[in-house]
Structures are given as C-alpha cells and as structure tokens.
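What follows is chain A paired twice: with chain B in the first complex and chain C in the second.
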Partner chain A sequence: MKVNLHPKESLLFNAFQLIFIIHSVQVGVGVVGLPKIVFLEAKHDAWIAVFFAGVLTSVILWFIIMMLRQYDSADLYGIHVDVFGKWLGNLLSFGYMIYLTACFFVIFMNYTEIVQVWIFPNLPTWQLAFILILLAVYAVHGGIRVIVGVSFLSVMGTLWIILVLFVPLRYADFTHIFPIMNVDIKHMLKGIQRTSLSIMGFELIMFVYPFVKEKHRTLLYVQIGNLFTTFTYTLVTFISIVFFAEDGLRKVIWPVISMLKIVRLPNLERFEFIAVSFWMLVILPNLCLYLWASSKGFSRIIKRTQKMGIWIIAIVAFGASFFIKARYQMNIVTDLIAKAGFYAAFCYPVVLSIIVYLKKWLLRRKKSHVKST
Partner chain B sequence: MIKWLLGKKSQEPSKAHSFIIDELKEQIKSELKAGSDLTFRTLKKDKQELVFCFMDSLVNKPSLDDFIIAPIQKNTQMEWTCEAIAQLLPISDLSAVNQLNEVVTGIIEGKVYIYVEGHPYGLQADVSKTVERGIEKAETESLVYGPKIAFTESLIGNINIIRHNLNDLNLCMEDLTVGTRSKSKVKLIYIKDIAAEEHVNGFRDKINQLEIDHVAGATVLGQLIENNSWTVFPQLVTTELPDRVTIALMRGKVVVLMDRSPDALYGPTPFFTFFESTEDVYMRWNMGLALRFLRLQAAFLSVLLTPAYVAVLTFHYEVIPSALLVSLGRSRANVPFPPVFEALLLEFFIELLREAGARLPTKVGQTMGIVGGIVIGQAAVDAGFTSNILIIIIALSALGSFTTPSYLMGTAIRMVRFPIILLAGIWGGIGIMIAFCFFIIHLLKLDTMGGSYLSPVYPLRWKDLGYSFFRVPTQYLSKRPITNHPMDVQRFSAQKAKKKDVDD
Partner chain C sequence: MSNRLKWKMLSVLFSCVMLISGCVEKKQLEKLGLSTAVGYDLEKENHIRGTVVIHKFDPLAKNLTEIITVEANTSKTLRQKQNLETDQKLVSGQLRCVIYSKELAERGIVQLVDALDRDPTIGNTVYLTVTDGKASTIMNMDKENQKIDLGTYLYNLIKQNVESEQLILPTLFEFNHRYNDHGKDPVLPILKLKNGNVILSGVALFQDDRAVAELKGDNIFYLKILSDKFKSGTHEMGFDRSKFKKLIMNQEGNAFRTVYKKLYLNIDNIRSHTKIKLVDKKNLRFKVAIKIQSRLLEATEPLDLAKPANIEYIEKVVGKEMEKEIKKLLIYFQKNKVDPIGIGNEYIAHNRGKMLTKKEWRDKYKDVKFDVHVQNTIVKSGVID
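Our next item is the complex of A and B:
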C-alpha cells in the first residue's frame, strides 16, 4: 500500500472548506446534551471547562497537522503503515475503522433516540435508522466533493439556530455563573473530559487531508473551524447555565432542546419540534464523513472498492441497531464511545505524532551520519 | 451491440448518375420514394435535351419560373452547356454536381437540379422555400418589461436575430448535424474569446457522439446531452428569448440552436439560473433583487407549505398557537379525511386544472379557470371535502410554482411536492427533513456540463453571487461569472468606474 494518496485534481477542494468540515463534524448529537453533562462535573463553571476543552482541541489539532506535514499527502491509513509496518499498521488502522464505524452508529442511534423521546414515542428504531443510513450511503456514493458540499450547506443552513438561542436569554439570571472559577481543578478536568463526545470529530482531518488543495493553509482553517465550534459550545453552555436553575439543569437530559421550548413566533410555538427535525441536517455531515472515512479503509487497506465498504458498514450498523432495545443500553454504548473517543481522538494522535517526529528525526540523523562518514 | 453493428456498415460508394435523361429520372425516382411530389420538366432545342428535377412542395415556384426556366427559354441563341447556363442564371447559390447521392440530397433540401443530356455534370440551384410563421411575442416566457421578440422555428431567422443583437467579430457559429436519419441542422454558438474551451468541446463532443435516428427539438437535445437523465431537475436551460441568449453568451455560456425548433439551449446553467428572469436585468437593481428573492422564496414555500400543513395537522398540533388552532380545527371539523389524503386530493385537483388549462384554447381556458378555481373550490369546502385553510395553502403553493421563469423548473417543483407530502404524512416534520436532506444531497450530486449544479453557492464563488443569487448594481459586476470559466474575465475596467471624491 502506498503511504501517500494522490487523488485526482478534480476531487481536491479548497482549504477554506475545512472550516465547514471541522465545524460540522464536531457539532452533532452531542451538543444537545453537552451543558448538562459538563455541568454535573464542573458545576456553574461548566462553560469555562467547555472553553478549555476547545483550547485543548486546538493544541491537539496543531499536533495532528504537524504530523501530517511530515508527509507529502498521506492519511492515517498510510501513516500507520509507514510508522508501524504492514501488519501492525494495518491492525491499528482496522481498529480505527471500528472506532469510526462505532461513531457512525452512535450518531444515528442517538438522533433516533431524541426523535423517539421528543416527537414519535412509538417510532420503531430500525425505521429511522434505515432512512438515515440510506441518506448517508447515497451521499457517500457521490464522493468527497458531495460530502464537503453537505457539510458546507449544513453549516450554512443551521446557522440561524444560534440566533434562536438568544431568545432564552430574556429569562436569564446572570447571577448563576458567579462565583467564577471556584471549582477545584479535579472537577474542571473531569468536565473537560466529559466534553470529548461533543467536541470529537476533528480527528477526521487525518483522513480528509490528502484531498485538500492548498495544504500549507490547512492549519489556519482547521483552527478557525475549531474556534467557531468552541465559541458555539461555550455560548450554548453559558446560556444553559444562566437559563436553568441549578436543580433544573440536573434534571433535564437535553437542555438545548428544552430551552427551545419557550421560543414563540406569531404562527409557531413549541419550537423544539422544528429544532429536533432540523437537527437531522446537523448530523447528516457527521454521518457522511464518518461513513466515508471508515469505508475509505476498504480501498486503502485491503484493496477492495470503497463502494463495497460503504455497504458492508451500512449493513453492519443497521444490524447492530436491533441489539439496542432500551435507553440504558444506549447510554452504556454512548459512554463507551465517549471514552474510546477520548483516547482515539485526543490522546492517540498526540502519541502518534510524537512517534512520527521521533522516527523522522532518527532517519534524518542516520542520513547525516551516512553522509558524514 | 449497437456500436458493433454500426461499425460494420460500410459507406456507400459514391457514383456519378447516368448521363441519359430517362435513366436519370428512373435513378432519382428509385432513390427518392417521394411519389407525385417529385417533378421533372424537360426542355428540348435542336437535338439537345434539358431536364429540371425538383420537389414540387419544396421550391418557390415564382422564382423557379422567373429566374431559372424563363432565362433559359428566352435565350434561344445560346448553346446549352453548363458553363453558359451558369453564367446566365441570376441565382446566388449555384453549384455543379454529378454524384447521384448529392443530387438526391439537394433535391430533398429544395434545390433544383438542371441537367443537359450527355454532359458530365449538372447544376444545382437553390430556390427553396420554407414555411415559417412570422416573429411573434414570447408565449412561454412572457414578460412585462424588456424586449418581446421571440425565436421562431427558422434557424436562419434565429441566427439573424442573434447576429443583430451581438455585433461581436468573435461570435462563432459551428455547424453540426444531429439524427442519423433526420439530419437536422444544429448550430453551436459561442463567443470565441469568452466561452471556455472545455464547455464548447463538451457540447460539440456530446452532440457529435449522439447516435439516434431523430431528435425532436432543442429541448429533447438538451435531455439527451445532460449527464443525469434520472433526475427531475433540468440541467440545461431552454429559452425562446433572444435577449436571454445574448446575455448568456456575453457571460461566457455556450448556446445550441436547432433547425425547426423555437427554443435555444444553453449551458452551463446551475440551479439558480432557472430562477433568473431577464426582467431582473432590465429593472433597477434593487427591484430586481427584491423580485428575485420573492421568486426564490415562492419556490421554497411552494415545496414546503403543503407538506408542513400535512405534518402539523397529522402529528404536531402543539406547534400551532391556540388561537390559530381554534380556527384551523373549526375549518377542518367536517372534513372526514386524514390531512394527507385531503392535501393530495386538492393538489391533484390543481394539477388537473393546470393541465386542462394548458390543453384548451385560450378562451375556454379562462372560463375553466374560473369554474375550477372558484366554483369547485368553494363547493369542495361546502361539501366537507377540504378545509378553507388548505385551499389557501394550495393556491399559494400553486402560485409560487408558477413564478419560476423556467417552465421546466416550475414543473419539477410541482412534481417534487407529491413525494414530500407523502413523507410528511408518514413521518411528519422528520419526513419533510428527510426529503430536504435527500434533495440537498441530490442537488450536490448533479452537474451541468461538468460544473457544480449548486454553483455559486457551493462551491462558494463570492463574486458570482451578484449575478445569480443576488442582483447587485452593475458597477460591482466588472468580472464575468467564474462559474462559466470565461477566458476574458473583464467586462469593464473597475478602476475607471471608481467613485470620485467630494468636489472632484
């Protein structure tokens, strides 16, 4: 297998689009429950914890981009083979593929759950799962260009939801955030860790990178995308804290949706019905990108067509959806993926980039040794 | 398989026709199964014999009599040779031929074949006439403001109009033929130093590669050369307005005209082109902008309104404020059907009205509009078939779909509504979003002559938005749209258009 991937010129996209890719893949089902989860650990300083999580992500993104710059145009599958050799490298890639597929699974299952709770209590899980998987398969068949388009239009089409979030501010009590920064460091760190499920997704840059046209500007746009996500998350958490009473925020499961309940237009009430439906557009790029990245492994590792990979993953994920019968099971799976995500998206890339650095450094030293002797 | 068969067919060897007049007549008759249309007129002088072969229905009789037969008959002194006759005839389009297939093709095109017995070749003179209607006002794309002239079925006439609109030396016209049997003439028109070569080549290659017996018109040609034939969305614009074509040419697009077709086909045309009207250009920019937004909103609401009604009334009553819910409930109180059925019924009814109105003569059509719209609409409500509010919504969405300047796109929008209504009936708001997501992906997958269909929104081309999505004042449009990859980007110098300082 080749380490570097050189796609056709027509498949490359502008680095500028990375803002939308990174932002859209980070924002997904996680954000609707984010304020509560972080609040349980970091209390009223949850918004600071979320902000620090964003800063941490930006540091990790710097590590990832530095690692990718060591290569000409490689993705994670290629780097694995380059660093660990054929067998171990492909094994690690396979593990990562499973992680990506699991993310894909968790996203559509969580969305289905939200729909079941808020709109259709009697909707069978497999029906909505089936439709969502089909939509993702249809999009991924169009290739990277279509997926980038989906993430762009998804961000553009859902920007207005941020504006709607300002409506609850009318009922806000800003004394909730005081005293600022009096949570101890342990809870703060725990809060940061709890953010991982919502903020992960940026690791997909390791798969998208070969398709970027101006590779030297990747870092800038990736950081802008992450900054935008950090800003959105901090804002959402902040508004939730000032809107809900302390006990109230403990009791709700999806504070963002609950907040939207009070939005009222002359001809529309109960805005959360529209928001929950509209959330499908938010999770669509997540589904597409995860499905694309994990099915890419089929063409990269085992020399099969990506199309086959798409269908295999789709069928496996659909089959798995039948095993989840109750909310507590879904909770366990989601927590598991959140933990796996913490290691796979936050810790592993840093470790890998250090290894890559060391390897390149050793190689360079060897070369200079050979030259000098 | 088809290509393999075509490959085996060898070209017929060309041969000269017989030099004896009676045999020549037989040869032409056997080649052309034209019946009584085919006419031969023989003249005799001394021992020489001369024949005119032509199709009765295709030639202009007075000019045949006055400019071909009369001069030959009057000049009794002259010896009949091809050179002498050619010198004599006051005809501009005259050529010498002797191949049988050339003679026959000429006769089908309305030329007269003049042959003197025993000579190695004869003369072909063009006195053809075509039946065409006069130039009329545009019917399918009617306008309030701006030029009213429309294309006709005559290719020559249409080219005449375009040439008069655009006196550019680089206006380039290429001749192509399409249809293995019908051999229709097609003109590929572009401005040489503006239009991108890839688009010109794309059109030329696709038209040349067509292996089909007959193409019924420019609209059909468009369907044949589009990349995705399964979608409901047209990927190339057909228009009957010459000024629309002129504007498109100047923006770097490529136009295809076809003989006997009153439509011009042009591309590349992304999705939002179908919502542009020439009126936007002729109006002041702010009004053009407002109207264009009105149109886009109308199309959006037209797709969304009825499904939203179905979704809300079937599943999400909570969304409606209680004051509005009372009046809705009252109007729906004596409707026995579920909202999906009600909506589908009324949409079907409106589609019937539209289709019937399009088929009937204008005068009857108007009456039918009144009968259908007012009488049946009111009766349907009284009979408890539908609610008043649904009638309003259906009327709004029908109106919305008719505001789209392109009839093809308007039809697509109306047809797209039905599956969305069904989905809304099954899954409510989720169903509408499923359809919405599907169409986003679908539109992203489409292309127009190899370019992105959603351009300039995706990929975002900031400067092009002023042309297709918005309408901005002309001084900000110094560059041609990048979507068309024009070779000459500059329309006018932005430097010179810069504003002066106070008291300059």
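Our next item is the complex of A and C:
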C-alpha cells in the first residue's frame, strides 16, 4: 500500500471548505445533551470546561496538522503503515475503522431516539435508521466533493438556530453562573473530558487531508472551524446554565431542545418540532463523513472498492440498530463511544504525531550521519 | 456515479420517503378533542379527581366545549379514563391552563407537574394556577353560556395580567425553574369564582411544591417590585392627614369636604429597579436597594405640587412608607419560610465552596436580616399642577 495518496485533481477541494467540514462534523447529536453532561461534572462552571475543551482541541489539531505535514499527502491509513509496518499498521487502521463505524452508528441511533421521544413515539427505530443510512450512503456514493457540499449546506442551513438560542436568555437568571471558577481542578478536568463526545469529529482531518488543494493553509482553516465550534458550544452551555435551575438541568436529557420549547412564534407554538427536524440537516454531514472515512479503509487496506465498504458498513450498522431497545442501553453505548472517542480522537493523534516526529527525526539524523562520515 | 444509477437511487429514496411517511400516526383535526384546561382536585386519600375542558372542531355541534370529570391515581390514567367518555381522541398539545385545588397545592403538586414536564406534547408555556375551592367547580361553571372555552379564557386572563405586569409569569417553565433552584420558591396565581366569573384573587406562595401562604392586593405590587424589573402597576397608600398639613392647598372660597379620614395617594410605578446585595456574609445581612420612578396619579385632597420642595417631601414620605411595607413583606416571607424573590440565589452566588442545598438555605434563611432602601422619584404628576 502506498503511504501517500494522490487523488485526481478533479477530486480536490479548496482549503477554506475545511471550516465547514470541521465545524459540521463536530456539531452533531452530542451538542443537544452537552450542557447537561458537562454540568454533572463541572457544575455551573461547565461553560468554562467546554471552552477549555475547545482550546485543548485546537492544540490537538495543531499536533495532527504538524504530523500530516511530515508527509507529502498521506492519510491516517498511510501513516499507520509507514510508522508501524504492514501488519501492525493495518491492525491499528482496522481498529480505527471500527471506531468510525461505531460513531456513525451512535449518531443515527441518538438522533432516532430524539425523534422518537419528541415527535413520533410510535415510530420503529429501523424505519428512521433505514432512511438516514440510505441518505448517507447516497451522499457518500457521490464522493468527497459531494460530502463537502453537504457540510457546507448543513452549516449554512442551520446557522440561524444560534440566533434562536438568544430567546431563552430573556428568562435567564444570571446568578446561576456565580461564583465563577468554583469547582476544583479534578471536576473541571472531568468536565473537559465529558465534552469529548460533542467536540470529537475533528480527527477526520486525518482522512480528508489528501483531498485538500492548498495543503499549506490547512492549519488556519481547521483552527477557524474549531474556533467557531468552541464559540457555539460555550454559548449553548452558558445559556443552558442561566436558563435552567441547578436541579432542572440535572434532570433533562436534551437541554438544548427543552430550552427551545420556550420559543414561540405567532403561527407556531412549538418550535422544538422544527428544531428536531432541522437537526437531521446538522447530523447528515456527520453521518456522511464518518461513513466515508471508515469505508475509505476498504480501498486503502484490503484493496477493495470503497463502494463495497459503504454497503458493508451500512448493513452492519443497520443490523446493529435492532439490538438496542431501551434508553439505558443507548446510554451505555453512547458512553462507551464517548470514552473511546476521548482516546481515539484526543489522546491517540498526539501520541502518534510524537512517534512520527521521533521517527522522522531519527531518520534525518541517520542520513546526516551517513553524509558526514 | 453513472447517470442511470443516480436516477435509480433517487427513485428508491423517493419511494421510501413516500411509503414510510404513511406509517406515521394520523391526526385529523376533526377527530381530535383538544384539551385546553385541566383541573386537579384531591378527592380522598390516594385519589385525585381530574376535570378536563375539551375544545372540539365539529361544525354541527352547538357547544364547542365539553367537560369531563373522572377519578384516578395518576394524571395519565385520568386522561385514559377521560378518553373513554368522549368520541374524540384526547390530545394535550393545546393545553393552556392547569388548575390545582388549594387542598392539593397544600399537600404538594410536584408529581403532577413532573408528569406535565415529562410529556413532550405539552408546551413549556402552560400556565399553572391554584384555586381557592375546587378545580371542578371553576371548570363546571356556567357550562351552557360559555362563548369561548375556559382554557382560552383563563389563558387570556392570566396573559393579560402578566403583560400589564400585575402578576409574576406562572408558566410551567417558571414553576420548574423556581422549584429546582436552591434559593428560590415558586409563586402561582389564585383563581376564584366571583359572580359566575373566574377572577384572579391573589398569589399563592410555595415552599418547595407546597402552597403555604397567600398574598393579596398591595403586597403583590411589592412582590413584583422585589422580584424583577418592573414597568407598571399602580399602588395606593394611606397617610395621616397631619403629615400633609403644610401641603394641602387652601381652597379660597371653594368649599372642600373631606370624604375620608385619611389622605390617600395613588402612585403609578413607571419603572423600578431592585438590587439585592449580600453586604455581610457572616451575619447574613442583605441590602435591598430599590429605585422607583413614579407618577402621582391621584390624591384625595388638593395638594400644592407647584413647589419642588413639596414634591420632594411627598417623595420622601412615600419612600419611607414603601420601605416599611417592603420590610414587613420580607419578614412575612421569612416567617412562612418562603423565598419567592430568590434571596437564596443571591447568597449562593456569592458563596464559594460547596453549594448549599435547599434545606441548608432554609435553615439559614430565618436568620437573614434586611436593610431596605427605597429611592422614590416622582417624575410626573399629570397634566395639572
């Protein structure tokens, strides 16, 4: 397998579109429950924890881009082979593929659950799952450029929801955020860790990197995308804290949707129905990118077509959806993926980039050594 | 992707969307009974009685509302039983108003509120109220002559009064917020029957989820001033006439008889701003600073308002009187162990370390001392001097 991937010129996309890719892949089903999950650990300082998580993500992105710059045009599958050799490298790649597939699974399952609770209590899981998977498969069939288009549409089409979030501010009680920085370091760190499920997704830059046209500008646009996510998340968490009472936030499952219940338009009493429906647009690029990245492994590792990979993953994920029946099971799976995501997206890229650095550094030293002698 | 495959995929997708959308439960408006108001009474031990007002969409029916009363243990069983007594499927998406009987409110209503909160079909802006007597009597009043259904009537009654700032917003959200906050207690309006009409007679003060005290008339004005920024509301105050001797205009020639023994002033609040500040953490001393800009609407005796000194004098006297009343009200809250203003929130916000629980705050609350300062400015006095 070649380490570097050189796609055709017609498959490349502009670097600035990374803003939309990174932002849209980070914002997904996680953010709907984010304020509550972080609040459980970091209490009313949750918004600070979320902000720090965003800063941490930006540091990790720097690590990732620095690692990718060591190569000409490689993705994670290629780097694995280059660093660890054929067998171990592919094994790690395979592990990462399973992680990506699991993310894909968790995203559509969580969304299905939200729809079932809020709009259609009698809707069987497989129906909505079927539609979502089919939609993702259809988009991924179009290739990376179509997916970039989907993420652009998704970000632009849902940007206005941020404005709606200012309506709950009218009912806010700002005493809730005081005293600022009241929790200890341990809970703050736990809060940062709990943010991982919502903020992960940026690791997919390791897969789309070969398809970026101006590679030297990747870092800038990736950071802008992440900055935007950090800002949105901090805002959402902040508003949730001032909007809900302490015990109230602890009780709700999806604070963001519960919060939108207060919004009332003249002809539309229940805004959350619109929000839940629009959320499909938010999660669609997530589904597409995860499906694309994991199916890419089929063509990279075992030299089959990516299309076959797409269908295999889709069928496996659809089959798995029948095994989850109740909310608590979904909780267990989501927590598991959140934990896996913390290691796969936050810790692993840093470790890998340090290894890559060391390897390159050793190689260079050896070379210069050879030259000098 | 080839063009043919694209079309194939599209048609598959399209047919899926068309077919699967048929699986969703149908809800035709003519076949639905929209419950607009729900009332709960405590029937006996372990039993609640639920009354529901249903709005119908039937062009043939004369009376558009229907009232059903049943008994059960939980509110959802009530709905099931109510469903047995009507030809239309009951849905609660248009629920506007919930009434709890006082008896029930005194025992605690949080489980019933929780059931509302848990149901995604019920909005967050449903009004919660308490009634003096039984909820079913209010809902059954004057069944035949009702022009609009009771739920909408109650909704407008409360909405109108909230908008003219006579009431604190009694929505489901606000109740939950206050109930779940460690340093704040809920407040709900009290409904009463008067001459065959439902009126608002006061507000019920809650300790957690139990109604323990009641506020009437003037005190609601002060409660409103204390709890948030406030833009309207008139208030009447009585004073000894001797206090105003200097100000009373000499009526040359015109005979002027006093109707009352006291002198009454009517003050209209234009805007007020309240700041509650913890000044002494150890001794739990709070400073309540209120700035009111008001308008003199009415005085029962002719006062000489042309002189600025006189206006200043009235400002001072009125301010002092308000201070006294507000202090009395705060002590009343303390005595009943209710905190509708959110003094606890203020305390918790300035206290680092472990968060206070609700109970811990209640223990502390009885030792709280208040310094009340009212700065009253009369900015207008009508079109005449």
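Rule of thumb we're sticking to: the second predicted complex is superposed on the first by the 373 of 373 C-alpha atoms of A that agree within 3 Å, B and C clash if a C-alpha of one lies under 4 Å from a C-alpha of the other, contacts with A are read in each partner's own complex, and residues count from 1 in each chain.
Simple rule for what comes next: contacts are C-beta pairs under 8 Å (C-beta built on N, C-alpha and C of every residue); 3 or more make two chains touch, one makes a residue touch a chain.
Owing to the predicted nature of the structure, the values given are computational and were not obtained by experimental measurement.
Of the two partner chains placed around the shared chain by superposition, neither chain B nor chain C is touched by A:Lys86. Within the superposed three-chain model, A:Lys339 lies out of touch with both chain B and chain C [touch as defined at top].
Of the two partner chains, neither chain B nor chain C is touched by A:Lys367.
Contacts of A:Leu268 after superposition on the shared chain: chain B is touched, whereas chain C is not. Legend: residue contacts after superposition of the two complexes on their common chain; A:His6 is shown touching neither chain B nor chain C.
In the superposed model, A:Ile131 makes contact with both chain B and chain C. By the touch criterion defined above, A:Phe120 lies against chain B and chain C together after alignment on the C-alpha atoms of chain A. After overlaying the two complexes on the shared chain, residue contacts for A:Phe178 are found with chain C alone; chain B is out of touch.
In the superposed model, A:Gly142 lies in contact with both chain B and chain C.
Touching of chain A by both chain B and chain C, each in its own complex, is seen for residues 119-120, 123, 131, 135, 138, 142, 264, 269-270. Residues 43, 117-120, 122-124, 127, 130-131, 134-135, 138, 141-142, 171, 173, 175-176, 178-179, 182, 244-248, 251, 258, 261-262, 264, 269-270, 272 of chain A touch chain C in their complex.
Interface residues of chain B facing chain A in the complex, by the touch rule stated above, are 315-316, 318-321, 324, 427-430, 432-434, 436-438, 440-441, 444-445, 452, 454, 457-460.
Chain C meets chain A in the complex at residues 1, 9, 12-13, 16-17, 20, 23-25, 93-94, 120, 123-125, 173-174, 176-182, 184, 342, 345-346, 348-353, 355. For chain A in complex with chain B, the touching residues are 13-14, 16-17, 115, 119-120, 123, 128, 131, 135, 138-139, 142, 145-146, 149-150, 152-153, 156-157, 264, 266-270, 273-274, 276-278, 280-281, 284.
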